[in-house]
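What follows is subunit A paired twice: with subunit B in the first complex and subunit C in the second.
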Partner chain A sequence: MQSNRLGWILLAPTLVILFFFGVVPFFYVLWLSFHQWNPFAVDPNIIYNGADNFRALVFDQGFLSSLGVTIAFVFFAVLSEVILGYFLAQAFMKEFPGKAIFRTVHTLPLIMAPIIVGSIWKLMTTPSIGIIPTVLDDWFGYDLNIGTSALAAFTVTVIMDIWHWTPLVTLTLIAALASLPADPFEQAQIDGANKRQIFWHITLPMIAPALLATVFIRLMDALRTVDEVLMLTGGGPGSATRYLGVHIFKEVFPKTNYGYGSAVSIIVLYLTIVACWLLYAALIAPRNKKA
Partner chain B sequence: MKLALKLGASLVALSLLTGGALAQDISIENPDWWQKAGEQFDGVTLRGVTESTPASNYVADVLAPKFEELTGIDVQIETTSWDQMYDKAIKDMEAKTGIYDMVYLEQDIVYAYLARNFLVDVTAALEENADLKAPAYSEDNFTTFAENFRGENGHLYGIPMEAFIKVYLYRKDLFNDPDIQAAFKEKTGKDLKPATTHEDYAEIAEFFTEYGKENNMDLWGTTAQAHTGHPASWYEYFESIAPTFGVYDWGIDADNNYAATVENGGSMNSDEAKAAMKWWLSMRDLAPPESVQSTWTEVATTFAAGRAAQGLVYGENAAWIATDDSKSRVVGDVGVALPPLEPGVMEAAESGEGYIGYYDGGAFGLPVTSKNQNAALLFMQFMALPEIQEDWAAAGSRVTLTSTYDTPKVKQVDEQLGGYYTMLRDDGRLFKGAPPYPFHRQVIEATTPIFYQILTGDISPEDGLDQMAAKTEEELTNLGYRK
Partner chain C sequence: MTRTDPQDIETPINLHEQEEESRQSPIDRKEHQGFLPIQTNWFDRLFISVVIWVALCLFWLRFLEPAGLSLNIAQVIAVILAVIIVWKG
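So, the complex of A and B:
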């Protein structure tokens, strides 16, 4: 009883903060999503409009297009980060000269604010001035212009995300790999298992919880990407990189379409939850069932 | 070497983004009055939010410290991006949080703010608080640009702090080079001089882009503010290009139920608008490659880096481009002219029925939600004192008081700039700010997705403008302006 009360006391500050900065805004946005509210309309008041906002977004080409490019962005970015992060984590598990320096440098992007990351990549990719188009042109004769090529802009945003967030995956997986007991690996080697079998039947199942948590975090982050992309491309060229976060930002802030923007936010939250649940159901649930 | 030069150019661009005015000595008349007026605000900190422009940076770096020195009132000016400036100001005033005591009112947003009753009536406030009225402050000192910030009652709701026109800048060194002049004459049969028509402008642009290629120079024939994901491109087309083809007020007829389509009486998708769009896109194709990622800031940087022979550049950047050799490679080589026009547009502008380009600028407004309104009134009057205008005008290419035109430094920069300030004074009446609509960002954000598709070539200018006009009417109907 005593320890229970102490636990609640220790948890209280976090719960209070979560309530005011998480729960209250969520219900406010949910409430707004059933209203029409644009303070620069002839009628600037908040007007209840039922499910009109949700009905509208089903037919909104802008939203559907954003959803499509976001799914592609999340797929390529998160998958690349997980694969690259795993190999880097494996590399860091071994000893090699300069490992400490390399690990520190490799982690630096992680501590940068997204807006700074976007600025750096903007400077690096500005056509004919930035270092990347210059090198690609001088060495390969490739004309990189993210202001005109939708594919180039999309690819650069994916690479920027990978550059920024792979260190997070690496650090998480280093922790997971370091905590694995040696016995099962030694046993497998004695039994004659090859590297692929060891990875598939021992390493992967044992790091699965950490891996899945990392994927969830990256999935949720990638689905709400705004700052970096807004700074780099502004969502362009056209709507090639107008990811859902950027779409919501433009609806809510410059356009001050608060009701509709809230509805899109709620749908994106719902999609994020569904995506995480599907991932859990596909990767973890079958293993739990087997066990 | 080429790589090193480009890296250097990137560093120059970076320094331009972060540069600020250096503190300068300003002599204020009647300092005792300011000291006494400030005494009642001991411990007050004023907070303002504004766009990071040369004029605003001068306020933050020079005027705010000087005001604090005089009155003891601390002034914190937050200079941020154009988008963030609006976002922060609107959220603060809408949520009534009272964080900001001064907000930047760009000429095109003031009508929206007035419609929402966000702003304090400065004229009335100073009449009610006579003891706060600075002896040297007078509304009569302002240029006619101040009329943009008056409400329906004729009162001022913002103190003008920057005003400039978007001008046609050209490289005097290139235009006056005898060899280049001869080559141009041989190619076109015409004398090389600043263009007065779109056809002439296009010929000059084509010539210099080819000249740059042939001579392996980083030189193109024109600038273009043609970002494919930022509304700066939308602004360039509707406020600087379309009017020169006779399409005014974004092609929306406010007196005709806010019609935008030709069939309903608007002109957003008129033949003139389509011709303007095609001409502008053809100029974009002759501009440096970075133009598709350029807003107003990058256009100025491109011109300052010597990468364009001519272009339409916001006047707020003209002074530093022409005079500041720490930022510009074309110091002393900058000429200024009126934008190229279609026949009949100048006559329409002279008669007051049209205009030839964009007269931009802004003021500092006092939100009704401010908790330090009286102290803010003091600072806003301080910004309008005649004695602080000279250096500010020279640093930021902005003039808001008529007396500023006759100051020695402004006259000197005017000469270096080929008569920019003279043009602002004498021909400013031919330019016009954004139309007085309370729905600026709403129409822009509703139509930019289509506009960007025109820029990327996904849809033709004809189809795109048709769609934009229809989308504008739909958005204005949703907002309740179009019945």
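So, the complex of A and C:
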């Protein structure tokens, strides 16, 4: 009983912070999503409008196209990061000359603020002065212009996200791989298992919890990408890179449409939770049931 | 060790059983298997109900309300579904 009370006392600061910075803002945004509020309009009052924001949202072509490009962005970015991160983690598990330097350099993007990453990539991809369009033009005769080509803009945002966040996946998977016991691998090698069999039947099941946790983190981050993309493309050309985070930003700040922005935010949160829960239910729950 | 019957030499010994038992939470989560394809406790089923409730309302707003069906019908269906899922899911 005494240790229980001590536990609650030690937890209290975290719970208080979580309450004021997590729970209260959530319920405030939820409450606001059922209201119309534009503080700079003729009528700046908060007016209850029932489900009107959600009614507008399901017919909003801007939101629906944002949802589509966001799903594509998340799929390509997270999948590439996980695959690339795994191979890099495997590479870092081996000894090679310059490993420490390479690992430090590889981790550098992770410590950069997203707005800086967006600025760097904007400088690198600006036509006529950026290094990437210049090299692509000189070597392959390809004219890269993210200001006019929707596909190029989308691809560059995906590559930028991969460049920024793959180190996170690598670091997590290095920790997971380093903690694996050697015995099952030795036994599998004695039994004559090849590399593919060892990967599918030993490595992957053993690192699955760490892998899934990483996918959750990246999924949540990718679904709310704003600053990098806003800096690089501003959501354009057209709505090619107007991801949900950018859409919310444009609704809330330039238009000061706080009620509608809150409704979109709630739906994004809903989609994030559902996506993570489906992944959990599909991959982890059956394993627990089997155990 | 799970081999209770000494004659039962065909039953494989589960070496990890003790480890699995020790990993189980001391809190009784009262998980059960209903018609849902996964084992759930009451909070999981409440969560699933809320997820379905939101999805149903959004679907209703997009496709059925323009045809003249009130959103209140969706709310009633969602509540009935929630009760069934929490009770029998």
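In the analysis below, the second predicted complex is superposed on the first by the 291 of 291 C-alpha atoms of A that agree within 3 Å, B and C clash if a C-alpha of one lies under 4 Å from a C-alpha of the other, contacts with A are read in each partner's own complex, and residues count from 1 in each chain.
One rule holds in what follows: a contact is a pair of C-beta atoms (placed from the backbone, for glycine too) under 8 Å apart; a residue touches a chain by one contact, two chains touch by 3 or more.
Predicted model only: the values in this text are computed from it and were never measured.
When both complexes are overlaid on chain A, the residue A:P39 reaches subunit B alone and has no touch with subunit C. In the superposition on chain A, A:E186 contacts neither subunit B nor subunit C.
Here subunit B and subunit C are compared by how many residues of subunit A each touches, and B touches more. In the superposed model, A:V274 makes contact with subunit C only, not with subunit B. Shared-chain residue A:R55: touches subunit C; no touch with subunit B. Of all residues in subunit B, those touching subunit A in their complex are 2-3, 6-7, 9-10, 13-14, 83, 86-87, 90, 94, 112, 115-116, 218, 227-231, 288-293, 438-439, 441-442, 444-446, 449, 452-453, 455-456, 458, 478-481.
Considering their complex, residues 20, 38-39, 47, 51, 54, 57-58, 61-62, 65, 71 of subunit C touch subunit A. Partner subunit B is touched in their complex by these residues of subunit A: 38-44, 62, 122-123, 126-131, 133-135, 138, 145-148, 150, 233-242, 250-251, 253-257. Contact residues on subunit A toward subunit C in their complex (touch as defined above): 51, 54-55, 58-59, 267, 270, 273-274, 277, 281, 285-286, 288-289, 291.
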